């Protein structure tokens, strides 16, 4: 067998899973913003959100992954699909789904991506030497809960208030006036 | 990772298999086991349901194919396989064909975290309880896709109902499971079963928290779309709900998903409230593991039989009754229950006192809940009776005034 | 182990997709979806920094991500209610056709 000029690294299982999840998530999120059919966009959004949950699992934040599926896929994506169905009368129009700034915005988004992706490699991130997590995931969840009722008690209360206001506001806005 | 995984990995690596191939094989074995066992269980479930419902309705049920009609389900599957798969002409191709696959997929994923015996559990993740609830959202999306993709107004209506019902009943479901999680201090199904082994079976959480168990059971019925919450596919008004346009194997997949989700919720209930695989003799060497798996299955089937009994007995709810039952009765009750339990557990009391206080709170919740339901049923009865009296304007055809 | 940079690049890509969608789409619901993508990209960054950072006992990254999820839920609820209200009165959800203030 001839020697290859560059050595192709064999990915570990963890890396292989990451590559699959990352590619799936990227493709899904690209489809969300380019699909003409809004319903398919919503389905791709569900796929992208699941992919992000997979990324959380790879980062060993299981609780966050479950919260992501519970809130984003279970509630937010369903709500969006609902809204699409309610406004479906104008969904399949012949007009363009994009506004007239489309190409300017596209080049700008590309520029942002290239800029950030270029920066990512150059910044000396303060990455820890030892990347193993201490303790099992359970103690992590206990710690997270503890943080919420001690350090972040006030933000947690405010979030609760915000959700309540949003709930009441949404009902008021969407209500029929009759 | 669970014990079976470590044992399998050790055996494979010991046999000289490279580690990443061993990982792949071990994971594949787990996935295949779930994928094969779950449909086989569904065969038994369908037969059991038809037999028991028949007995409740004073019939014999399937009795022609095989002994006791045991092979009837297989005959039905052959029939479904040979049916034509129809694509409605205006249907949304992708959503229409993806929906049945997704619905089965979503239920099969749930089998990964329920325990069979000590150490035999797909993955004992530390958020197991929440996982069960979160993955239910795949079923919601599948129903919505089926309802939208079929291009049928009954299917769409049913899809909306599925979203309303499943999202609403998720809240009391989570909160009733949270009652157990708060007391046990863990969300792992393995540890939950481990903690219920004391006091000769009286350590089961169903005795400590009967209120939470009852609410869990009701919500499980709603989440798995069974009677009295089967208004999603009410034959008399929505014909068959979101799977109205499906035929052949694609219909069978929805059918399978529905049966399996009922079974999974029975399993979760058995694991959380009935002590899991605990029972006499589970610590014996050798046969202990088989005994434990047997206990687990007996408890699960007991809860499933209870579900069938409910199915054969209760009439179907209306949409408004379903919603107000959830939001006006179940949600306040579970929130009250959780608050009471938090206060009790934060106070620095000895454990027996905490247990008694939790039990008192649960009995109170049960009492209030049953009273509220009874009152609602009585009022509904008055209303129905009034609607059908001869001089009533509602429910009777009045002659048109000239 | 996957390097931190891989996660950051993935997040940057998702964020750019969201940015494009939020600015270029005419449909208000499509724009909301794109905003969700951007929030998710930010969350990936937060969790990745928590996981790779030197101080993993400090759970600020995860806590923040959960707050972001909660705020996103509120945002979608109000946003979709607005969209439905506008659709009811103006019969459109295209953002460039909602120009009441232009007279």
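Going by the order they are written in, the chains are A, B and C; count residues from 1 in each one.
Here is the rule we use: a contact is a pair of C-beta atoms (placed from the backbone, for glycine too) under 8 Å apart; a residue touches a chain by one contact, two chains touch by 3 or more.
Composition by chain, UniProt nomenclature: C = NADH-quinone oxidoreductase subunit K.
Bear in mind that the values here come from a model prediction, so they are computed numbers and not experimental data.
Colleague: Going by the touch criterion stated earlier, list every chain that contacts chain A and also contacts chain C.
Modeller: none
Colleague: Which chain maximises the distance between its CA centroid and that of chain C?
Modeller: Relative to chain C, the chain with the farthest C-alpha centre is B.
Colleague: Using the touch rule from the top, point out the two chains with the most contacting C-beta pairs.
Modeller: Pair with the most C-beta pairs in contact: A-C.
Colleague: Mind checking the centre-to-centre distance between chain A and chain C? Centres are C-alpha means, answer in whole Å.
Modeller: One centre to the other, that is 8 Å.
Colleague: Using mean CA coordinates as chain centres, what's the gap between chain A and chain B in Å?
Modeller: 29
Colleague: Using CA atom averages as chain centres, what separation in Å is found between chain B and chain C?
Modeller: Inter-chain centre distance comes to 33 Å.
Colleague: At least two partner chains per residue is the criterion; list those residues in chain A.
Modeller: 12, 63, 67, 75, 82
Colleague: Within the complex, which stretch of chain C touches chain A?
Modeller: Touching chain A: residues 1-2, 4-10, 12-21, 23-27, 29-30, 32-34, 36-37, 40, 43-44, 47-48, 50-54, 56-57, 59, 62-63, 65-67, 69-78, 80-85, 87, 91-96 of chain C.
Colleague: Inside the complex, what are the residues of chain A that reach chain B?
Modeller: 12-13, 39-40, 43, 46, 62-63, 66-67, 69-70, 73-75, 77-78, 81-82, 85, 136-138, 141
Colleague: Which stretch or stretches of chain B touch chain A in the complex?
Modeller: Answer in residue numbers: 20, 23-24, 92, 94-95, 98, 125-127, 130-131, 133-138, 140-141, 144-145, 148, 156, 160, 163, 167, 170, 186-188.
Colleague: Show which residues of chain A lie in contact with chain C when the two form their complex.
Modeller: For chain A paired with chain C, touching residues are 12, 14-15, 18, 22, 25-26, 29-30, 32-33, 38, 41-42, 45, 48-49, 52, 55-56, 58-61, 63-64, 67-68, 71-72, 75-76, 79-80, 82-84, 86-87, 89-91, 95-99, 101-102, 105-106, 108-110, 112-113, 116-117, 120-121, 125-128, 131, 133-134, 140, 143-144, 147-148, 151-152, 155, 159, 162-163, 165-167, 169-174.
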